[in-house]
Structure formats: C-alpha cells, structure tokens
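Below, chain A partners chain B and then partners chain C, in two separate complexes.
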Partner chain A sequence: MHALKPLTGVRGSEQSRGRKGPLLAAIPALVPFVVITSALELAVRGGLVRAYLVPAPSSVFRAMVESRGELMRAMLTTSASALLGFFLSTVAGIGIAVFLSSSRAIQRAFYPYAVFFQTVPLIAIAPLLVIWFGYGTRTVVASAFVVSIFPVIANTLTGILSTDPALRDLFRLYGASTLVTLFKLRFPAALPQILTGLRVASGLAVIGAIVGEFIGGQGLGSVVDIARTQQRVDKVFAAVLLASVLGLALFGLINLISYVTLRRWHASEQA
Partner chain B sequence: MGAIASSVPSGGVALDLKNVRRVFDDLVVIESLDLRVEAGEFLAILGPSGCGKSTLLRMIARLAEPDAGRITFHPDTERFQTAFVFQDAHLLPWRTVLDNAALPLELMGIEREQRYRRAHASLRQVSLSEAEGRYPAQLSGGMKMRVSLARALVTAPRLLLLDEPFAALDEITRFRLDNQLRELWRQRAMTVVFVTHSISEAAFLANRAIVLSRRGGRIKLDRRLELPSERTDDLRANPRLGREMKILLDAMEEE
Partner chain C sequence: MNRRNFLLGSAALLTACGKSSQKIRLALNWKPEPEFGPFYAAPYRKYGLDVEILPGGAGTPTIQMVGAGSAEFGIVSADELVVARSRGNDVAALFAVFQNNPQGIMVHASRKLTSIGDIFRHPGTVAMQRGLSYARLLEKMYGFDKVKIVPSPNGDVSAFLHDKNFAQQCFITSEPLIANRQGADVQVFPISDIGFNPYTDVMATSGELLRSKPEMVKPMVAAVREGLRIYLDDPKPTNVHMQQLNPTMPLDLFTETSEVQKPLIETEETRRDGLGVMTKERWETLIKQLKDLGDVEKAPAAEECFRSL
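Showing the complex of A and B:
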C-alpha cells in the first residue's frame, strides 16, 4: 500500500499482511506436480503403464531437448497465431458487445445468433476455414478467433449492461454524451467482467490455434499431428505441454493486466 | 408563505409542480400532485416506502418525465444547476476522492485547473481534504457519503435533491452529516428537497415538511416547522422538536 495518513475507518492495513514471497506461495502448487510426475515415472519404468501409450516424464523431457529447435519454432508460430486471434476477438468482441448494448431491440435481434454461433463445434467448421482461408496462418488465426470471441462478447455485454443505474442518472444529470458515458463510466465499470471474458478467451484462443493447425498445418498442432503418425508419443506430450505453457503464459498476462488496472479499486484484486 | 421565504437565503430556484401524474404500468404512483417550493427552501418529503417520493424527486431532477402535468422552475435553470445525492454514495470506485468530486465539472467540460480548484474547495467543506488521494474502497461509509455530498456541491447547485442520503449510515455519523448538510444549506443559497422516511431527520433538517399518502402520492400534511433556524445537536433534546415529530408521525399514521 502507499504511504497514507491513518484515517478513521480505513481498510488497507490488513492488505499488507499475509503476503508471502511469490516463490514460497508457489510451493503448494508444486507438490502435486512432483508427486504425480514421480509416480508416473515409476509406473512406466515398473511396467504398470505401457510406454507407447503414456511416455515416462523423463522421455518427454528428452524429446523436448532433442527437438528443441523444431519445438521452439513451432511454439513461436502457434503463439503468434493464438495471440493474433486473441487480439482480434478482444477488439471485435468488445465492439460487438458495445453494439449489442446500444438497444434492447438490437440485443433481441442479434444476441441469439452470438449464442448459436458459440454452440457450433469448431472441429466441424475447421475444414470450412481451410476452404475459405487456405492452408496456413490465416486459417489458424481464424480458428483461434472463432472460438475465443464469444466469452468476450458475453462478459463485456453483461458488464456494460450492469452499470449502476444511479451512476447513469448522474452522468445524464450533467449532460454527458453517450460516448463520454461509454468511456468514462460503462467501460471502466465493466472492466472486471471484460477481464474475466479475456481470461477464458485466452485459453480458448490457444486451443483454437492448435485445432486450426491440425488442419491448416504449421506450429505445435502440426507437430502433434506428425508425431502421432510417427508413434512418437513422447513428442506429442512435449508439444502438448508447450501448448499448455503457452495458454498459461497468456492467462498470466491477463492476470497481470487485471492486477495493474484493478488493484486500487476492485475487490477481486485486493485479497 | 412569504414570511418564511424571506427568512431563508434566496439564491436557490423555486419550483412549481402542477397536476403532476406518474404511472408505472397499471400502478398510479402519483395521481395528481400540486406543490410549490420557494427559492431557498429546505423541504423534506416524508412518506412510507413505495409512496412515490423517489419518483417525485427523479421528476424534479428531470431524470424522468411526468405522464401528465408540468414542472416549472423559476428562474428557468440549466441542467447543471441541479445536483442529486443518492441513497448510497455511488462513487466511481476507479477514481480517487478528488477525481470523484471533480467528475460533474469534467462532464460539463470545465477546464482541468478550475475543476480541481473547485473540487479541492468542495472537499474542504466536508472536511475531507486529507483523503483526496484515496480510493473509495479505502473509505468508511460516512466518508463516502461526504464525498458524494462534495461531488453534488462542486457545481454550486441552486437546487440540491437528496434521496434518503444517510439512510444506510450509523446514527452518530448520520447526526454529523445532518449538521453538516444544514450548515452547507445556510452558507450556500440553494433550494434543498430532501426525501426521507425518517421523521426525526425530516424534523431536524427541514424548514418545511410534506407527508405523502401511501397510495397515489397525495399530500396529507404540508407544514412549516416551528423550530429555530440554527440547528445544533442541542435541538435534538428540545421538546419543540419532539412536538414537530409527533405531528409528522400522526400525519403518517392517519390513512
């Protein structure tokens, strides 16, 4: 917290308490990881699990080191596509939510389609994307975009629509325009919900990119697909692991943005 | 009416409600209301919950239109000269106390230096200068309400509307804010219309109180309170306040 003079009825002193170092805080999460990897290693070596079905963690690690060049390049490619798809769904998703929020009639007319769109299985439309965009990055980005846009729309719309009516009155009282109200009231008020949408979308964008790559070629998705045909389960696992790391990194980025923007005022970042 | 009107500051606006009617779906909230409020008056509107007193206040603030009838102002005010204080503070949690207090001026397009100067002054009036850099989450309920009051006063409104503003606060804080509000009204020539369901608060604060009926928004009592102009905590023990409260209570109970 900042250096503030103590005043009556102030919260905040409790916020500085109970904050351990980030490394110390990570220990509980590491325990299951160590236990499960060790158990798996032992199970595979002891012959309880067949190595061609589930590889030993050590061989996954070896595959990662051996194919590091290929995997790194693939990861960069996937990252770029996932990030671009995620970025597009953020911009378009917020834009669509603003459009939908503009009137109840517009919402009634278009929102059902957004919901319907969400229920279309990506796997089923991925071949279509290839037909439309060809093999390569465009299909992958489109795939990441298509799966990640809905949570952005839904959460942003909820956030914008739940703006405190009293505050809307206040803005009207002082003659604020719709645009001013949007930027000075509705967006900031919806920010916690928008960020929730972005968290969900970030994970989905990675999934969308990988699925796109299965069909459109390139990146980690393609590595998984090729390694599978080669019976290289260890390499499949290595690529899957890296895809998860990518998803986590994106998730972490949103959390960081959330912390920076909300810590001073929103309960979710003040625990 | 003239005698009382001349004894109070007269920089506020006067308002005149004629046959004002407001209906929600099938429910007639206010059937036909006539009410004249003099410039500089401190009026309390009392009534049970659901009697339409908040609706009435929103119409006076021009946040809602009457379904019939007319509300006129003298002199005819610009929008910004009206200020509204809600039941809860309703601050923007992502803004500091200072930026919250300066918000109305910002929305009105007043330049930065001037709006901060006026926000500083307004916060000083509610004794919150030392909290200017804080965020609402770091304030107590009473402090939030004072920021809300500072925000309302920053435009130097000629009409101040309050909708049960201190209802959620503990009694001591409430007493303190009552005193502060009354003092602010005395310093600044403005008209205050105050909606409450608290008989003691209405009697303590206002110069005039009206009691609305449970249904249809009929005025059951319209009374000029016979109390000294200076209201301090001593008045709370004054039997004259008790008498006024009894009159208001009787009016509220009669149906």
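Showing the complex of A and C:
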C-alpha cells in the first residue's frame, strides 16, 4: 500500500500538468521559433545575410500584412484543393490497400503499380496533367492526389496484413465471414498504421497542391511563382509560411482523429 | 631543412595556383541553346580566362547568384536587373546579346489576329508568367477580362498544339519553331510591339567584382564579344558542341534558331558601336516603364545599371 501511494501521487501531478493547458504545452515549440527568427532578423539587419537572399522575418510579416487579402484568398483556394486531394487519396488509398490485401496473387500483380505513384516525377508529367484535367482546380487536386496516395496504400496494407494471427484464428473459429473479419478485426487493428500513413500523406498533399498550382495556376503556388519572378523574396516566404501552416493544420486534424479513435485501446495515444 | 624547403615550395605553388587560374563561373538561366551561342563560342583561354559555364533551367535565380557571389557572371534580362538593383542587389550589365527583345506571344495563325492587342480582345487562353513586367503592362493596356491567363508551360508546346485558342508567351527564336515542326501554323507577336524592349540575354556581374577585379571583367567582355562575332559568322561548331550538352534539341533546330535570332542581335547600332552595345537612353526608357508599372519603388540611375567596357 505504502509503495503505491507515491505512484498515484505522481500520476495525479502529471494529470494536473496536462490540464494546465495548451499554452504551457506550446512553450517548447515556441522557444526555437523565437530564437531562430530573432537571430535571422539580427543577421539581416546587421548585414550578415543579404535581404534579397533571405528576407528579415519582420519584412515577411510586413508582406503578410500588406498582401493579406490576396494571401488569404490564395490560402483558402490551396486549402480546398489540398483537402480534396487528401480526401480522395485517403478513400482511394484505403480502398486499394483492402483490395490488395485480399490475396497474395492480387498483391503481386498490382502492388508494383501502386509504387508508381510514389515515383512519378510530378514536374515531368505536369504539362500532361494540364491537358488531361484542364487549368485550375482539377489539375491541382490531381497533383495533390498523385503524390499523397502511396503512403496511404503502403501503411494501410501493412496494417491489414499484420493482424494478430491469434485473433484471426478466433474469428475463424466463430465462423466470421471475410467481410466481418475485415471490418470488425483487420481494419480496426490496422488503424494506427493507417493514421501514420495519413500523417505522411497530409504533408505531401499540401506539397502536391502547391506544385499543381505552379502549373495549373491559382492559390499559394501561383503567389509564390509571381513573387519569385518579381524578386519579392519576402512575399515568397510569406506564402511558404502559410503553406506550412496549412500542413500543420492538416497534421493536427489527423492527430485529433487519432486521439479520438485510439485513446481507448492503443498505447500510442495513452501515454 | 628539407621540411622547410618543402613548406616554402608548397606555399609558392599554392600562391601560383591562386593567381593563374581562378575558375570563373558564368551562370546561364536556361539550357545550352543558341541564345547562349556567344558564351560557348568565346575564346576565353586567349584572354587568359578559365571559365566554367553553368547551365540553368526555368527560374534559375542568376541575378541573385551573381549578387551573392555564387557565380562571377550571370545571364539576366535588363528588366530583371533594374528590379534587382532597386531591391539593393548591386549588379551591373556588361554585354547585351539581344538588342531587340526576343520575347513574344505566339498564336495559331488560323485565328487571323492582327495585333498583340487582338489576342486580348478575343476569348481564349493565354499562358503567361503573370509576374513578368510585360505581362502587367499588357494587362494595363488591354485588360485580361476576355481571356483566361494560365501559368507559362516553360517552353512546352503541347497545350498550344492541343487547343486552337491557346496563346503562349515564347522566345520568338524558340517555341514557334518547335510548334511549327509539330505541324502548327504559328503566328508570333513580339512584345516590343507595345514599346517594351529591354535588352535580353545580358551578361551581368556584381558591383563588388567590378571594383575588386576589373582585370577579370574587361577581358571577359572582350572574349564574349569575340565569341558573338565567331558565332554569327559560323555557328556550326558551337552548335555541335552545345547539342552534345543538350541532346534533346536536334542539331537542325540549333541551326535554324541561330539563323532566326541574327536580326535581333545585329542591328544598326551594333554595326556602328560594336556588338553587345547598350545605351543610357534605352536603360532610362526601361526604368521609367518599370517605375510606371510600380515594379520598382526607388528607381536606380541608368548609368549604375550598366558599364560599357
């Protein structure tokens, strides 16, 4: 009993620390941000780094404020395309992985083609994307989709294939059908891996959307392209920063889904 | 004793190396193509120079490279240079290959358009880098309400071939020839039609290099000037060499391009004042145009933008 007491005490204090909220939790992430931006600001102002190569954080901030309308509209457009591309690659990627997991033969026949998505040099096929899908949103979504689908397929497939054999036997013993086994056992068991795939895919979808916008026009990609031509390095960085914010937001969304779905049973969300 | 001699010897050798052959980097803003003929034809050795040419691609930031010293010389356009100077990048133009700007917009001849303004009066798609000064000048003059502006496909003509109402920015000496070969009936309107005619294919260097190593800059300009003469008189050997570096472009296209670009390079002025010549008046016109467009806030002085060596 005595040995247990301090243990519960520690737990209690951990919980209360956790409850102190997101503000305190954000401090470790804020420290490098403050240090790096101030160092950069000083370096540019002191003439160590030339402003036309790397802009001072203050001028990036100014560009952000000056062009806020344009940047916000661009960010909304990019967000919509990236989200749609990400959604499509989630649905299609999981679907393809389930299909591939159905038999060894199917896996051997089709998996190599899935790898195609991972290796496709987007820039090389860019002019074709434009011809297939036209200029604008469809090309951008296609681009986000193509670069983000592979991690979904690969992780989902690994997840589904690594179901605990003992549990599989149990399901078989009770005469569960393939579909029931898939939805009640294999799929839930694969969730942690699927979510890992989605985390990787979310960042890629943002990159894919921006690259798509270089060739298809509109959004943050277009802002970057124009600002680069006009040698507005500050505006380029402002747009890039917003793209990162978008990536972070998507990543946060997946983490939330992960927490909601896994907290009851998976170690990764119980720590 | 031996050791001391060895050290002295090595030190002398190092100094000698440093003096005799400093590698000079010349950064191109595109792949080896006929527009860079003079730079590949230039007899650098004759002028005691050891030059390494660095080919580029779409968006290679040659002007920043020159300013930052990651290349001693770079190929830029005059408008780009004015904007760079206004943003504190101390660079100066030395030699202009193209006296007349080779940029234009190509359309399908079947549309029977009669002027550059016509392109914007009829519905269609125009592929153009919106950040370019002339793009905004066109917008100011004609408006973009009737057309859909899409990003430039960087030399790729497949979308153009695919759509009869597609117009695209081009180098008069490049994309139209390629599209023609693919069976399209191409008509080109040069950007200089609207009075915007900055020097292009301009060799630039940094103010710092001009001050610290004038003995490197002057022979470099002389070598390139001689290179241009050689290339105009007989482009074939240089074309063969460049084609080896850029095998995707067929040799006969190199030949055709080097012929087509001649009138843009050799003009009344160059016959009078020498190849590559630049005038203060033309820089002034350009600076005023860019200021009117709002591309530069603090207009640099024309005489700071270029040197006649």
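Basically, the second predicted complex is superposed on the first by the 249 of 271 C-alpha atoms of A that agree within 3 Å, B and C clash if a C-alpha of one lies under 4 Å from a C-alpha of the other, contacts with A are read in each partner's own complex, and residues count from 1 in each chain.
Everything below uses one rule, namely that contacts are C-beta pairs under 8 Å (C-beta built on N, C-alpha and C of every residue); 3 or more make two chains touch, one makes a residue touch a chain.
In this text, all values refer to a predicted model and were calculated from it rather than measured experimentally.
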Touching partner for A:173 - first (chain B), second (chain C), both, neither: first
Which of chain B and chain C A:164 touches, first, second, both or neither: first
Chain B versus chain C as contact partner of A:270, first or second or both or neither: first
Partner chain(s) touched by A:188 [first = chain B, second = chain C, both, neither]: first
Partner chain in contact with A:216 - chain B first, chain C second, else both or neither: second
Between chain B and chain C, more extensive residue contact with chain A: B
Footprint overlap on chain A, where chain B in one structure and chain C in the other make contact: none
In the complex with chain C, residue positions of chain A that touch it: 50-53, 127-128, 130-131, 135, 214-217, 222, 225-231
Footprint of chain B on chain A - complex, ascending: 2, 4-5, 7-12, 164, 166-167, 169-176, 180, 184-185, 188-189, 191, 264-267, 270
Contact set on chain C toward chain A in their complex: 59, 61, 63-64, 67-68, 80, 83-84, 87-89, 125, 129-132, 148-151, 153, 156, 158-159, 162, 295
In the complex, chain B residues that touch chain A: 58, 61, 63, 79-80, 82-84, 86-88, 90, 92-94, 103-104, 106-108, 130-131, 133-143, 155
